[in-house]
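Heads up, the next two complexes both have chain A, just with different partners, chain B and then chain C.
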Partner chain A sequence: MALSRRLLVQSGLGAATVALTGTVARADEPIRIGFLTVKTGPLAAGGIQMEQGMNLFLKLRGNKLAGRDVQLIVADTAGSPATTRTKAQELVERDKVHVLIGPLAAFEALAIADYVNTQKMPTLGVAAADDTTQRSASPWYARATASAGQCAHAIAHYAATELKYKRMTIIGDDFAYGHEQNAAFLRVFEDNGGKVVQKLWPPLNAPDYGTYVSQIKNNVDAVFMSFAGSNGFRFTKAFFEYGLGGKIPLIGGMTAMDEAILQQTGEDAVGIVSANWYSAAYDNPANKEFVAGMQRDYKIDPGYYAAGPAVAGAVLEAGMKALGGRFDDREALMKAMRTAVITDSVRGPVKFDDRGNAIGNIYIRKVEKKGGKNVNTVIKTYPDVSQFWTYAEAEFLAKPVYSRDYPPAKNLEN
Partner chain B sequence: MQFWIVQSLNSLAMGGLLFLLSAGFSLIFGLLRIPNLAHGALFMLGAYFGATLLASHMNFWLAALVSGLGVGLIGVVLEAVLLRRLAGNEQGQVLVTLGVAFIIADLCLLTWGGDPMPLGAPRALRPPVFIGGFAFPGYRLVVLGFALVCALLLWLLLERTRLGAMIRAGVDDREMARSVGIPVSRLFSAVFFLGAFLAGVGGVVGGPILSAYPGLDADMLPLALVVVILGGVGSLPGALVGSFIVGGIYNFGSALFPDFAYVVLFLPMVVVLVIKPTGLFGRVLR
Partner chain C sequence: MTGRQLAAWALVALALAVVPVLLPSAFYLGIATHALIFAIMALSLNILIGHGGMTSLGHAVYLGVPAYGVAVMTMQLGWSPVPTILFALALGTATAALFGVLALRASGLGFLMITLALGQVMWGAAYRWVGLTGGDNGIRLSGRPTLFGINLTDAVPFYIFVALILFMALFCLWQLDRSAFGACLRGTRDQPRRMRMLGHDVWRIRWTAFVLAGFWGSVSGVLYCYDYQYVSPAALSLPQSAEALLMVVLGGAGTLAGPVVGAIVITAIKTIVSSYVDRWYTLLGLTFIIVVSVMPTGLVPGIAAWVKGRRA
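What follows is the complex of A and B.
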C-alpha cells in the first residue's frame, strides 16, 4: 500500500514535470511558432510587413517545415517592452510554443532577453542591437539578419575605397540603432583613410529636419545617414528641399533606403547608395519567388522587415531538417539552427558565428528607376561578412560597444 | 552669417507651421478648459486626407480646404457625441480625447498603412529660392506667409465679429457668459469645429514639410502643448508669439546645443511657468 502510494506520487510528479516543461511532443503535433511583432502604434509599419513576410514564407512552404505542420501564433507587442514581455510569457507558457521569432525593436528584444534565457526558449531575433549577439550573447538567441553595425562597416569600406570619399558628415537617429550604425561607419571609414568631419544627431521624433540639413558643411564629399522607419524618407526630402540633393552625394545605412519608403521618396531617391543584407532586387530563385509573392499578396516590394522573418523561417526549417523533422528537444533544435548552413534563403547564403549572429552577404545597393519604379539594384556584394567585419573577435569585444561617442571622432571640424 | 540667416528663416517657417498646429488647440483649450489630446491626431488626419486628395490630382489649396472641412466635421461630432455627455467632468473629457487620439491613430494605420505618404507642394512653389547665394526652400516661406494670413483672419474673427466676442467672453468667464445669454454649448461646437478645421488645414499645408506618417500625431501634440502653455491658454497672440519662440528655440537650440535637443524645448516652458504661470499672454481663467 505504502509502496503503491509512493509510486503514485512519483509518477504524478513525473507527469507534472513533463507538463511544466512541455517538451513531450506527439508525433503528429504541429510546430508552434510564437511570432512577436508590432501591429499597432508608430512602429506598426515595419511590424505589419514582418507578419506579411512570415505568412508568405509559410504559404510558399505549404505551411509545412521539414514535413511537419506549422501553427503560427502572432502576438502584437504594440512596440512596448512591458507588453512584449507579457506576450512572450503568454506564448511560451499558455500557447506552449516551440520557438519564438521576433520581436521587432531592440528595446523589445532586451525586455525578453532574461526570460528567454531562464525559459531556455529558442529565439530567432530580427532586432539589430549589437550587443545581443556580442557582449551579452545568449545561447538561446540567434539573429539571421544583421547587427546594426554590420552593414555600416561594409558601406564605410565602400565609401572610402570605391567611392573615394575623404571627408564626410554622418547623421543618424539619436538612439542606439543610429549610434551603432554611425559608430561602425566612422570606425571603418577612418581605418580606410577617410575622415568624419561632422556628426549630427536629430532626435528620433524630430518634427523637421530643416535645421539639421542646413547645418551640413557644404565642403564635405558626401553624407552618410542612418535612419529608421520613415525618418530616412523625411530626411531625404528635406535634403533636396534645401537644394543639397545633386550637389552632395547621400549614402545610407541598413534601413535608410528600405523598400518600405523607396517609392514614396520618388525621384529624390534615385542614385542613393545604401548597404543591407537584403535587396528586393537580389537575384536568386528563393528571393524571386518571395518578391513575386509579396507583390501578389500585399502589393509591396519586401524590404528589411518582411525579409527578416523569411530568413528566420529558413533557419528554423534547416534546423528541423537536420533533426529529421523533430523539434521537441529545445537544446538540440537551438544547436541545429545555430550550426545550420543555409545556401538558398531570400538573402542568399547565411550561417551563424559562435555568438549567434549571421555571417552572410552584405549588398551595396544603388537606387535606380526601372519600369517606372525605384529599385535597390545590387552593385557590389561583400561575401560572408561577420558582425566583427575584418577585426579579430576578441579584440573587437574587448572594446566598448558602439555608441554616440565611441569610437571617438578625432577629425571633427567646427 | 549664413548660419544665422538660414536658421532664422528656419525658425520663422517652423513658427508658422506651429501656429497652424496650435491656434486651434489654444482656442479649444481656452474655451472648454481642457487640452484636446486628440489635436495631434486631427492634424495627422488632415495630412492623410490631403495626401489622398493630392494623389487624385486635386489642387493643393482646395485639398487643404476640403481636408480642413472634413476634420472640422469630425471635431464637431467628437464634441457633440462624446465630450458634451461628460460636461463638468474635465478629467473624463481629457481621458476621452486621449482615447480618441489612439483610435484615430490606429484607424489611420488601418486605412493608409504604415508607410509614410508624401504630400507634394504646388509645383510652382517647390524650387529653392536663393538669398544672398544660398538656397532656402521656397515653400517654407509660403507656409510662413500662409500662417500670418491665417493669424490675421483669426484675429479679425475674434476681435471684429459677434461670434468672436462671444468666444472671448466664454474664454474669460464661462459662467458669466452663460448668464448673459450666450449659448455656450453651441459656442463649444463652433470652436471645436474651428479648432479641428485649423488642425486639418495645418496638416495639409505642413504636409510637404512633415509628410503623413504613423506617429506624426505624437510628434506634434507635445509641440502644441509647449506653444500654448508658453503663450497662454486661449490667447491668439499668445499662440502666435509662442509658435515663433518655440520655432526659434527648436532651431537654434538643436543647432547650438545639439546634445540638449530634447531639453531645450521644454526648459523655456518650465521657466515661463515658474515666472508667469498663466503663460506670456494668458489671463486667469474662471
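What follows is the complex of A and C.
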C-alpha cells in the first residue's frame, strides 16, 4: 500500500541512520519499491491505472512478497523526461528503494536508462521502446510486458495468414511508439505475402481524424491502426462517422483497443481484432482475481496499463522467492528476476530472453459484446513470442531499430 | 564597486558556496544544481522581458538547440568537451542572431507570437528529424565530461561548476544593467520613440539584447544537457518556454535576483513539493495567482517593498 510521504520520511530517518552507520539491511526491513508513473498531464489517465494495478496487486498479496513486507513509494514523473530523472534519483538516493517499477512512457524510460545502469538499480520497466531491450539493453533493466513491435509482429502474421488480407493501409501516431508498431507490422505482413500500400501518420494530438480517414484508399482489404491513449477510440469514432466502418475491416495494435477505452468506443468497437500480451478476458485464476479486484476497487476493467505493474510485481515476487525472501544483494535479485520462470501471472506464463525482454503469450483478441459491455475475447494465442518474432536475434539486431522509414515500404501506391 | 556592493557579492558567493555543505545528500545537491541551471535560463530571458520589455514565448530554443548541439557532437561525432561546448554556444547564439532578425520585425503581441512560432518550428524539427535528433526517443549522453582535469560526474564538482557559471552570469548581467547599453535598452523599453528621436538605433539595441539573451540561454542549455545527460524534444517544447517565463514573472522581471528566486521556487515545487502533494500542478497555479495578485511585480520587488514599508 502506498504510505503517506510524511510517514515515509519518518521511517526513512531510521533507514538513513542505518545507512550512515554502514550496517546492512536489517532482517525485518521491508522491501521498498520505487514506482514511477504519470499522475499529471496528458498521460495521467494511463499512469493512474498503472498505480491502481500496482496497489491492487500488493493488496491481493496482503502487502507481502515472499514473506517480506512491502513499502510502495509512488513518484509522479509528470510525463517529462527531466522530471522522471529527478524522481528516479529521489527514489534511489533519498528513499533508498531496492527496486524500481516503471516509468510509463518510452522517452521517460530512455531518460533514466543510463542512470539505473550507473546506479546498478534493478528496474522492471513497462514502457514499450524497442531498443531498451534490444540495441541498448541493460543488465539492470527487464521488461515483463512487451516491446512495441512484439504484438504487432503477431497480428501482422495473423492478418496475412488467417484473415488472408493482401493489401493494407497502416496508420499510427506519429511518434516512436507508433513508428515501431507499424514498422514491425509492415515487416512481418510483407514477409508473409501481404502488401502495405499506404502509410498514414496523424500527429499525436491530432484534433480531428477526419482528414486522415478520408485519405484511406477504398480498395484496401483492411486498415491496421497503432494508437496510444485515447487516440484509438477517437480514430475508430471518426472511421465510423465517415462511413468506412463495416466496409473496411479495422484491426489494431497493442493499445488501440485497450480496456481503458473499450466501453467508450461502444458498438463501433465490436468485431475489431487486436493483439496484446494481456486481455481482461484472459482466463486463468490469477487474472480472474485481478479483474474482479479492479472492478470492485476502481470500477474498471484492467488493460495494458493496469496489468503491466501486476506482471512486474509477479516477477519481483518470483525473484525474491528464488532468493528465500532476500533482496539486499542487487545483483542477485536482478539475476533471479531475469531467470525466473513465472507460470501464473495475470498474462499467463512469462520468462525473459537474454536481453531482459519478456517471452510470453501474445493474444489475438476480438471485441465482443458480453453482458452489456465490450470485452476483448481471446481468439488465438501465439505462445512464447519473443521480441525478435521468428527472426534470428543477431540478424535482427544488426538492422536499424524500427522507425518511420525502416523497414522501407516497397509497395506504396499513390 | 562600493563597499556595500562588494559585501552583497561576497554574500552571494558565500550563499552559493555553503549549499554543498548544508545539503545532506547528492540528491538534494542535484536538485539545487537543476535550480541554478534554470536560474541561468531565467536570467537570460530576463534580459528580454525585464530590461527590453520584449515578452518571448520561445526561449526554450536557446535551451534545446545547444543541448542538442552538445549531444550530437559528443555522441555522433565524438568531439571532445571543449570544442563541443564552444560549438554549442556558437550554435545557440547564431540561432538567436537569426531568430532575432525574424522576431524583431514586430513588437508586443506580434513579437510574442513570432517567438512562439519559431519555438514550435524548432520543437517540430527535433521531433521529426529522427536521423539527427532521435525523434521523441531523444539522445542519451554517455556521461558528464572532464574539463580542465576535473571530472564533473559527481554531484559536488558539477554543482561547483554550475554555481561558478551562475556567479559569472549574475556579475555580467549586473554590469550590463549598469552599462550605457543597459540604459539604452531600458530606454527602448520605456520610450522607444523618444530613443529613436535621440538618434539611437532601437532595432539594433533590441537585436543585440536578443543575441545576448540567446548566448546566456545557450550557456544554460549546455549545462542542462550535461546535467540530465539526456535531451529530447521536451527541452524545446512550449511548456519549457512557458516555465522560464513563469520563473521570471514570479521572481520579478527586471531585477537581478528575481529570476533566480523564481527558478528556485518553481524547481522546488516541481521536484520536492510534488513528492508530498499529489495536486502539485494546482499548487503551482495557486502560488502564481497569489504572488501576482499580492505582489504584481514579483516576489523580489514585492518583498523588498514590504520590508521597506515595515521599516518606515
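The rule we apply is simple: the second predicted complex is superposed on the first by the 391 of 414 C-alpha atoms of A that agree within 3 Å, B and C clash if a C-alpha of one lies under 4 Å from a C-alpha of the other, contacts with A are read in each partner's own complex, and residues count from 1 in each chain.
Definition applied: contacts are C-beta pairs under 8 Å (C-beta built on N, C-alpha and C of every residue); 3 or more make two chains touch, one makes a residue touch a chain.
Worth saying up front: this structure is predicted, and the values here are computed from it rather than measured.
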item	value
Touched partner set for A:D114, first chain B, second chain C, both or neither	second
Which of chain B and chain C A:R85 touches, first, second, both or neither	second
Chain B versus chain C as contact partner of A:T40, first or second or both or neither	both
Touching partner for A:D384 - first (chain B), second (chain C), both, neither	neither
Touching partner for A:D76 - first (chain B), second (chain C), both, neither	second
Contacts on chain A seen with chain B and repeated with chain C across the two complexes	40
Of chain A, residues touching chain C in the complex	5-6, 39-40, 75-76, 78, 80-83, 85-87, 89-90, 93-94, 106-107, 110-111, 113-115, 118, 129, 131, 136, 175-176, 179, 403-404
For the chain B and chain A complex, residues of the former touching the latter	3, 6-7, 10, 13-14, 17, 105-106, 109, 113-118, 128, 135-137, 139-140, 209-211, 213-215, 218-220, 223, 250-251, 254-255, 258, 261-262
Contacting residues of chain C [partner chain A, same complex]	25-28, 30-31, 34, 127, 130, 135-138, 140-143, 228-230, 232, 234-235, 239, 270-271, 274-276, 278, 280-281
Residues of chain A touching chain B in the complex	40-42, 44-49, 174, 200-203, 205-208, 210-212, 214-215, 229-230, 233-234, 237-238, 241-243, 260-261, 264-266
